[in-house]
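Chain nomenclature is as follows: A, B, C, D and E, assigned in order of appearance, with residue numbering initiated at 1 for each chain independently.
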Amino acid sequence: MTGSSEDLLRWIPLLPLMAAVYHGVMLGLVRRPTPRWVTWLLSCGSVGLSFLAACYAMSELVKLPEGSRLLIDNLYTWVGAGVGSQAFSAEMAFAMDPISAVLTLIVTGVGFLIHVYSIGYMEDDQREDKGFQRFFCYLNLFTFSMLVLVLADNLLLMFVGWEGVGLCSYLLIGFWYADRFNAYCGSKAFIVNRIGDFGFLLGIFLLFTHFAEAGAPSVAFTDMKQNIALLANASIAVPAWMPFGPEWPVLDVAALCFFLGACGKSAQLPLYVWLPDAMAGPTPVSALIHAATMVTAGVYMICRLSFVYTLAPDASAVVAWTGALTAIFAASIAIAQTDIKKVLAYSTVSQLGYMVMAAGCGGYTAAMFHLGTHAFFKALLFLGAGAVILAMHHEQDIEKMGGLRNRVPRTHWVFLIGVLAIAGFPGFSGFFSKDEVLLSVFTSHVPGTRWLHGIGLVTAGITSFYMFRLYFRTFWGECRAHKEVRDHLQDPPRVVMNPLYVLAFFSIVAGFVGLPQAYGGWVQNFGVEDSNSFANFLRPVLPAIEPHGLSHATEYGLAAIAVGAATLGGLLAWFLYVRRPELPARIAASLAGFHHTLLNKYWVDEIYDALIVRPLVRVSDRVLFRGVDAGLIDGAAVNGTARIVRGFASHGLKYAQSGLAQSYIFFMIVGAAALVGYLVR
Amino acid sequence: MSAPVVLFYAFAALAIISALGMVLNVRNTVASALSLVVTMVSLAGIYVLMEAHIVAAFQIMVYGGAIVVLFLFVVMLLNLRHDEFPPARQRALKLAGAGLALLVLVELLRVLSVDVPEAPPLPEGFGGYAQLGIALYTDYVLLVEVAGLLLLAAIVGALILAKRRID
Amino acid sequence: MIKPPILDLSVLAPIGFVAIGAMLVLIGEVLLSRRKTFLGREVTEAWIGSVLAMIAMFWLVLSLYVACVTFAAGTSSVFNPDHPMIQLDPFAALVTAVLALGALLSCALAIGYLAELRINHGEFYALILLSTSGMMLMVASIDMLTLFLGLELMSIPIYVLAGFDRRKLRSNESALKYFIIGSFASALLLYGMALLYGASGSTSFAAIGAALDASNSMAMIGLGLVLVGFAFKISAVPFHQWTPDVYEGAPSVVTAFMSVTVKVTAFATLLRMLTLAFGGTEETLSHVFWVLAALTIVVGNVMAVIQDNIKRLLAYSSIAHAGYLLIGFVTGTIAGYSAVMFYLVAYLFMNLGAFGVVVTLANHGQEFERMDSLAGLARRRPGLAAVMTLFMVSLAGIPGTVGFIAKFGLFAAAVNAGYVGLTILGVLMSVVSVYYYLRVPVLMYMHEPTMESETLGVSTGEGVVLAFCAVGVLFFGFFPNGDNLHLLDWARDSVRFLFGA
Amino acid sequence: MGELIDAHLLSMITFFPLGVGVLLLLSSGLSALVGGEGLPDPLWRALGFATTVITFLFSLRLFAAFTATETAYQFVEHAPWISDYGVNYFVGIDGISLMMVVMTTFLMPIALAASWTDIAKSVKSYVFFMLFLETGMLGAFVSLNLFQFYVFWEVMLIPMYFIIGIWGGPRRVYAAVKFFLFTMFGSLLMLVAILVVYYLSYQQTGVLGFDLVAPPGSDAPSLMDTLIPLTGQAVWWKTQFWLFAAFALAFAIKVPMVPFHTWLPDAHVEAPTAGSVILAGVLLKMGTYGFLRFGITLFPNASVELTPLLIGLALVGIVYGSLVAMVQGDIKKLVAYSSVAHLGFVMLGIFAFNVQGMTGGVLQMVNHGISTGALFLLVGMLYERRHTRMIEDFGGVAKPMPVYAACFGIVVMSSIGLPLLNGFVGEFLILLGTFLVYPLAAVIATSGVVLAAAYMLWMFRRVMFGPVEHPENRKLIDLGLREKLVMVTIIVPMFWIGLYPDPLLRRIEPAVIEIQRVMEARRVMPESQAAAEPVRAAAVWAPEARP
Amino acid sequence: MVPLDHVIGLSAVLFVIGILGVATRRNLIVILMSIELMLNAANLAFVGFNRIWPVVDGVAHLDGQIFVLIVITVAAAEVAVGLGIVISLFRNRDSVNVEEVSLLKW
C-alpha cells in the first residue's frame, strides 16, 4: 500500500481537531472575541478539507483489489502494558476499510453541509459574545471524535471516539446552558451514554481476556477478525443458579455487552430516553449529532463487530428484537407529539430501531445502507425543521403552525422530499433501504422473524402516518401562528437553504447506489453485472446475507406491502388532518387514557426517576452518608472511643485522685499488700 | 522463763499499749506525744535486753529527749492540745485501710514467726562503745559525713520553712 | 588494734564538690546579704541570687566534669575497700553526670524565676545542691545504708523545696503531701531493708543478692517493700497519686528539678539493685513490672487527657513515661536496661525543656498554669511556642526527636524479649498521649490569644536552658549515636558494666 | 559540580526544600535577635516558590537520567546512620518512586502559587511548613530503609497538621487533630510490626538491620531475605498475617480505604487550598505506595491471603465513595469522597497482582494527584471569590467566568476518566488488569465509572449552568493571569498523559514486574521451610542477652 | 534469752500500728508521730536481726545497729522538716487537719 494515502488518513480527523484547538485557545486565553468570519471559515474549511481527504482516501481504497481494501495509518503505541500472553497494546492508528470509508464520507460530507448551515442558523444567536465561536469549536471537536470513532483500528481507540462524541453531544445539548433544562438534558445524555460505555468497556475486557487466553492478545479489529474462530466455543463458567448457567458462551456475552453500548449511543430500549431530550440543543446539532451521525455509531459498531455477532446467534436475536420493539415503541410515541423536533427525534429512534433490527438479523449491509440514506433524509428533515423554526422565530409547536406551504415554499418542498423519503415512497432513497432492511429481516433465521417483519411493516405504516401528520399540520390548513409572526414569515437566507437542496438531492438519489437486483436488473444492459454496488463494496468486510431463494416476485410483493402500509398511513394522515381536521381531537378525547399515555411517552422518564434515581440518592444520603459515615464510623467508632477514654478518666479514675493524702496512702497500702502478697504467694 | 524474757514481754506489752494509745487517742495530742515517749523508752529497754546499749542510749536521748520534745513544743506553739475536727471524710476507705493493715499484720506475723533462726552467742564486747565507735569512724565513716550533710539540709530547710520573717 | 581505713577520696569527688558548693552558697549568702555594696556596685537581692547561682553552677560543673572524666576512664573504684559502700563506676558516673546536668539546668532556670516569684533566697541553691549530692550518693551506693541515707538526703531538701513558696497554700500543701507520703514510703522501704538484712545478715547489695531466693518469704516481703519504696519515687501506679498534686503545687522550677532528677535517680538505683541485689528473682519481678508498667501507662495517659492545668498535665505525662521506662525493666535484657538509660537522658532534655517553658512563662509572682492561657502564644512569643511544640512532639515520641529514639529503643527491646502485648498497649496509649500533647500546640498556634498579656523577654538563663534542651532534643533525635556523642553506646556500656559484661 | 549533584541527586532533591526553609527561619531568628523585622513576607513567598521550582527542575533531571530498563534501584545512596540499631541512610528509586517524586515536586510549586494570595496570615511559617512538608514526603518516597521510611512517614504529619490547623477553616482544629490521630493510630501499630520484622531478621541473620534490600555491591542480609513465618509456623505475632495486617492498617488509613476514611473529608474541607492539593495529591499516595513498596513485598503470602478482603474494601470504597460523594452539598467534600473512590481504583489495580493492574495503579496514583489536585485548586479559586463552597450558593457561574468553567470542565472530564485525558489510561489498565483475574470485581468497579460521571456532572451542572440566581455571583471575576498560568501548567500534563502515556508506563512497568518477581520469590520461601533457626552470627551486640 | 522471733513480731505489730496511725488519724502531728513509730519498728527489727547476725565470717558485724543510729538521725531530720512544713501550713490555714489539705486534686 502506498505511504502517501496512508499518511493521509490521520489528517481526516486531525484537521477538525486543529480547528477546534484553535478555537479553544482563542476562547480561553484571548479576551477579545475572534471575528465570526474567521471562525466559520476555519471550521467549515477544516471539515471541507477533511471531506476532500476522505474522498481521496476513498479513491485510493477503491484502487485496491477487492479482498484487501484496507488502509492503516499507525501513529504510535498509545497504551501498552503487560508481558507475554497478556501483553496489552493499543495503537494510535487509523484504518480505513469500506465500512469506515462509507461512514467517513457521510460524516465529513453531511457534517460539512451542516457546518455551513450553522453559519446562518447561529447568525442571530446573541446570547453571549463568544457563543458563535464556542459553538463551532464544539462542532469541530465533535467531527474529530466521530471520525476517530469511525476510523479507529482498534476497540480502545474506537472507545475514545465513542466517549468523545458523547462529550460533544453533552456540550452541544447544553449549549445554551443558561437554561437549566438544557443543562439537565446534557448531563442526562452523557450519563445514559456512560451506562452504555460501561457495557462497551466490559466487552473490551471480555474479548481481550479471552483472546489472551487463546494466545492472541489484541484489540485491533483486523487481528480479532482473524482469530475470532478461537473463541467460537469458548465459554465463561458462572454459578449454576444463574440463568442459562453454568456456562455462558463468551461471544454472546461480549456481543450483549457491546450491544448495551450500542443501546446507549443509538438510543435503543431501554436507554433511548436521552435522545428526545437532546432536542434541547440547537437544531443543526440535532441534525448532525442526533440524527445523521453520532446516534448511528451504535449500528456502525455492530457492523464493525459483525464477525462477533455472526458467531453469537442468541445475542443477535436479542439485538433484533430490541431493535424491532424500539422501532414500534418510538413510532407510537411520535404519533402524539406536537413539538416538531420531538416528532423527528422519535422518528430517529424508530429508524435506528430499524437499522438495529436489520443488523440483528444479519442484514449488516442493509443496516449500513439504511444508515446512509437515513443520514441524508433525516438531516434534511431536521434542517428543514430548523428552517421552519427560524422562520417562525423559534417556535417549535406544530399546533401553532400550519398553512406554511405557500409562505415558505422552498422550505416546504425540501421538507416534503424528506417526508416522502422517510415514508419510503418508491424511488426515494428511503424506499430502497427500508426494502433491504425488511427483506433481510424476512429472510433471516432469528426466532420469530415473521413477527419482526410484521412489526417492521406496521412501523413503516405508523412512520408514514406521523410524518405526514407532521407535514400536514405544518404546511397545510390555515395558519395558526400569531399575527406578527405570520406577517414576517419567509424562507431563510441562502446559506441556510443551499445545504437543504444538496441534502434533498441526495435523499432522492442516495438509494440508487444500493439498487437491488430485482429493480436493477436493467443496469446489466450497461455492463454492470450487479446493480447493488453498495453491497458489493461492503461485501468483503461484511458477511453478506446468504443469497435468499426468493423470487423477484416475492420481493415485489414484500415491497408492495411495505409501500401499501406507508400509503395507508399517509392517506390516514391526510384524511385526519386535511379532510376532517376536527376528528383527531375527538379520537384523542375518546381514547383519552391512551392518548395521554402517548403524550407522556409512557411515563418512562418518571418511572426511571422513581425507580432508580431517587432511591439511589435517598439511600446514599440517609443511609450511607448520615447513617454509616457520620453515625457509625465517626460517631460510634471514632468519637466513641475518644468519649470512652475521656469518660474513663473523668468519671472513674478521677475520683481516686481525691486530693486527700490519706486516700493516697490507702491505695499505696493496697498496692503494697498486693505486691508483697504476689511475691510471697 | 528467765528474767530478760519476762522483762521483754513486759516492755513489749507496754510498747504496744502505749503505741495504741498514741494512735487511738483522738482527743488529746499531748497525751499522744507522751504515750509515744513511753513506747520509745520501752523499746530502749528491749534494746538493752539485746545488748545494744549505745543504741538504747541514743534512743532515749534523741527520741525521748529531742524528737518528742520537739513535738510537744510544736503542739504548744500551735496550741493544739485538743483538736476538734469536722467529721472525717472517706470513713469507709479508712476502715478498709485499717482492716487491710491488720490483715497484712497477720500475714507478717505468720511469715516472720517461721523464718527467724536462733540467736548465736555474742562475741566479746558486742555493741559496746569501743566496737561501735571504731566501726563508725573506720568502716562507716562515710555515713557520719553524709549524716552531717543531712542534718545541715534539715536545719536549713526547717529554717526556711519556719522562720517568721517572710520576705 | 585500730587500723585506719585507706580511703579513696576521688570516689567522693562528684558528691563532695556538690556538697562543698552547698556550703559555700550558704556562707556566701550570709556574707553577701549583710553588705550594701560589693566591689563598688550596690547589692540587690537579684544580684545575690545570681551570684549564688553562679557559685552553685560552678561546683556542679566541676562535679559534672569529674563524672565525665571518670566515665571516660571507664574505671571503677570504691570509697573504702575494707567496707565498700559506694562505688564510682561508669554507670554511676554517667548517671551522676546526668544528675549534675539536671541540677545545673534547674539552677540556671531558677535565677530569673525566683526573682520573678519574689522567693529569691540563697538557700534554694543550697538545697538543690544537697539534694543532688544525695542523689549522687544513691546511684553510687552498693549498700543499703548509703542508699537509705542518700534517699533521705535527696528527699528532705525536696520536701522543703516543694514548700519553698511559703506564702502559697498550694505550695504548702504540695510540700505536706510529699512529705507525709514520702516519709511513709521511706518507712516502708526501711522496713523492707530491715527484712532483707534479716534474711541476708548484711546490708551490701552483693550479700543480699547472694542470700535472696524466692523461697525465703521474709526476704521476699523485704523485696516487696523495697520495691514499693522505689515505685513511690518513680511514681508507678498505684503509688503515683502524690505526683500530680505535688508537681502542681510546688514552684515550677522545683517541679522541673524533681520531675527529672528524682526519677533518674530512682530508676538508676533500681537498675543497680535489680542487677546486683535482686538478680535471682527477675522472672517474678518481670511479672510485677509488667503489671506496674501496664497500669502506669494506662492511668498516666488517660488521666492526662482531662487536665487543664499544664503542670498537672506534665505530671501525668511523667507518670506515663515512668510506665514506658518500666517496660525496659520488664524485659530484663541489656537492650532493655540500656534503653532505659537512654530514655532517662532523653527525658532530661524534653521534660526539663517543657517545664522550662512553664517556668519562663511565670510572671508577676504568678505561676503559669492554666492551659488556656497558652492560647495564641505563638503570636506573642514565637520562639517560645516553637520550642514548646518541639518538646511536646518529643514527649509524644514523634520521629525526628530524641523522644522517638528513646521510645523506639524500649519497644525494640520489648519485642526482642517477646513482650509484644505490652508493646501494643504502649503504642496504643501513646496515641492517646499524642492527643493531649497536641493540645498544647493547638492552643498556642490555632487559637486567638484570650488575654493580651504584655510580652516580657526570656531571661538569659532560661534562654540558654531552653536552647540547650531544644538542641539536645533535635540533635540526639537525629544522631543518637553521633560521631562525638555516642549516647546509645554510652548507655549500653554503662549497663553492660553493671552486668559485669 | 554536575557529577557531584548527580551522585547525590536524591539527597539534593529531598533535603533542598527543608534546607532553604531552615535557612530562612534562621535568618528571621537572627534578625529578631538584633531586633530587626527579618525578610518581608513577599520575599519569603517568592523564595519558597523558587525553591520548589528548583526542586522540580532537579526532579526533571532525575526523570531524564533514570534508566527505564533497569530493574534495580537507581541513584542509590547508602551511609550508616544509627549503627547500633542497624539504621542506615539508604535512598534509591525505581520507576514507582520516580513517578511519586516527580509528581510531588510538580505539585508543590503549583500549590504554593495557588495559595499566593489566600494565605495572608503568618506567611513565613506557612512557607516554612510547606518546604518542610515537601522534604518529608520526598523522603518517604525515596527511603529504602524501613526505619528511615517510618521517620519520614511520621515527620510529614507535623507540617500538614499545622497547615490544616493554622490556615484551615472553622473546624480546622478538630480536623487537624483527627487527621493526626488517625494516622498515628495506624502507624504506631505498624511500628510494632516493623520491630517484629526487625527482630525476625536479626534472629535469622544475626545482624541488626532495617535495609529493605542489600545495598548495591554488597550481599549484606536485608529484610527482603527474612523468612516471615506463616500462620501456624510461629506464635501469632510473628506470623505474616498479623504483621501484614498491621502494615495494611497503617496504609489503609492513609489511602484511605473505607471504613478508615472519615478523617479525609474533614481534613480536606478544613484544609487551605494548598493543603488539600498536597493532601490529596501526595499524602494519600503514601498509603498505596507503602502497600507496593513494603506491604506486599515483605508479606507476599499474607497479602495474597488477604487480597479478597482488600479487593472487597476497594470495591466498597469505589461504590460507597461515589454514592456518598453524590449527595454532598459542599464541593470540597464531594471531591474528597471522590478521592476515596479513585484511591479504591488504585488499590484494586495493585491487588490485581498483574502488570496491567499494578502499572495502571501507579499511573492512576499520578493521575489522581494531578486531577484531584486541580479540582481542589479550582474549588479554592471559587472559595477565594465567594467564601462559600456550598453548591446551592452557585449556579450559572459559567456565565461570569467562562474560562474558569472551561478549566473546571476539562479537569472534571479528566477526573471521570474521559479518554485522551490522563484519568482514562490508568483506570482502563486497572480495570483490564482486574478483569483478567477477578472479572466480577472489575464489573462492579466499572459501574463506579458511571457513578463518577453522575456525581461529577451533577455537581458541575448545578455550579456552572442554569441561570445566575445569586446576585453576588453575577459580578464574579474570571481567572487572572496567575490563575490561568497555574491551570495551564496543571492541565497540560493531563493531555500529555492522556495522549502519550508511554514514557511513564515504560518507566513504571519494569518496577512493577520486579515487585512481582520479588513477591513470587518470597512467597515460596516461607512455605519451603519453616522459620529458620537463630544464627547469632556477627551481632553487633546481643539485644536479647539477659544478665 | 530474748525470743527473737517475738522481737520481730513486736516490730511488725508496732509497724502496722504506725501504718494505722498514718492512714486513719487526721491530726498532722499525730501522723508524724505514727511515722516515727514506723521508723522505730524498723529499728527494733534491725537490732533484733543484728542480734541474729552478730558475726559475719569471723568479724563482729554491726550493720544493724549502725543502721539504727542512721535512722535515728534521719528521723530527727525528718521531724524537724516535717514540723517546719506543718508550721508553715498552719500559718496559712490555721489548722492541722490533714483532710482540709485538699486544694490540689484530680
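For the reader, a short list of remarks on this structure follows.
By our rule, contacts are C-beta pairs under 8 Å (C-beta built on N, C-alpha and C of every residue); 3 or more make two chains touch, one makes a residue touch a chain.
What you are looking at is a predicted structure, and each value in this text was computed from that prediction instead of being measured.
Path length between chain B and chain E in the touching-chain graph (shortest route): 1.
In terms of the stated touch criterion, the partners common to chain A and chain C are B, D, E, listed by label. The chain with its C-alpha centre at the largest distance from the centre of chain C is A. Looking at C-E alongside A-B, one finds more C-beta pairs in contact between the chains of C-E.
The central chain of the assembly on a C-alpha centroid basis is D.
The mean-CA centres of chain A and chain D are about 39 angstrom from one another, to the nearest whole unit.
For this pair, chain B with chain C, the centres built from the Cα atoms lie 31 Å apart. Centre-to-centre separation between chain A and chain E, using Cα means, comes to 99 Å. The set of chain C residues touching two or more other chains comprises 145, 149, 152, 156, 159-160, 163, 166-167, 175-177, 180, 184, 188, 198, 217, 221, 244-245, 306, 435.
Listed for chain E are residues 8, 15, 18-19, 22-24, 26, 48, 52, 66, 70, 74, 77-78, 81, 84-86, 88, 98-99, 101-106, each touching two or more other chains.
Chain contacts: chain D has no residue touching two or more partner chains. Listed by chain label, the pairs that touch are A-B, A-C, A-D, A-E, B-C, B-E, C-D, C-E.
Residues 1-10, 12-21, 23-27, 29-30, 32-34, 36-37, 40, 43-44, 47-48, 50-52, 54-55, 60, 62, 65-66, 68-70, 72-81, 83-88, 90, 96-97, 99 of chain E are the ones that touch chain B when the two sit in their complex. Within the complex, the chain B residues that touch chain A are 89-90, 93-94, 96-97, 100-101, 103-104, 107, 111.
Residues of chain D that touch chain A in their complex: 178, 182, 259, 261-262, 320, 323-324, 326-328, 354-356, 359-360, 396, 398-399, 402-403, 406-407, 413, 418-420, 424-425, 428-429, 431-433, 435-436, 439, 442-443, 446-447, 449-450, 453-454, 457-458, 460-461, 464-468, 484, 499-502, 505, 509, 513. The residues of chain C lying in touch with chain D in their complex are 275, 279, 282, 332-335, 383, 393, 398-400, 404-405, 408-409, 411-413, 415-417, 420, 423-424, 427-428, 430-431, 434-435, 438, 441-442, 445-447, 479-481, 488-489, 492, 498-499, 501. Contact residues of chain A toward chain D in the complex are 24, 27-29, 76-83, 86, 88, 92, 128, 130, 156, 159-160, 163-164, 167, 170, 174, 177-180, 182-184, 186-187, 190-191, 194-195, 197-198, 201-202, 204-206, 208-209, 212, 236, 616-617, 619-621, 624-625, 628-629, 633-634, 637-638.
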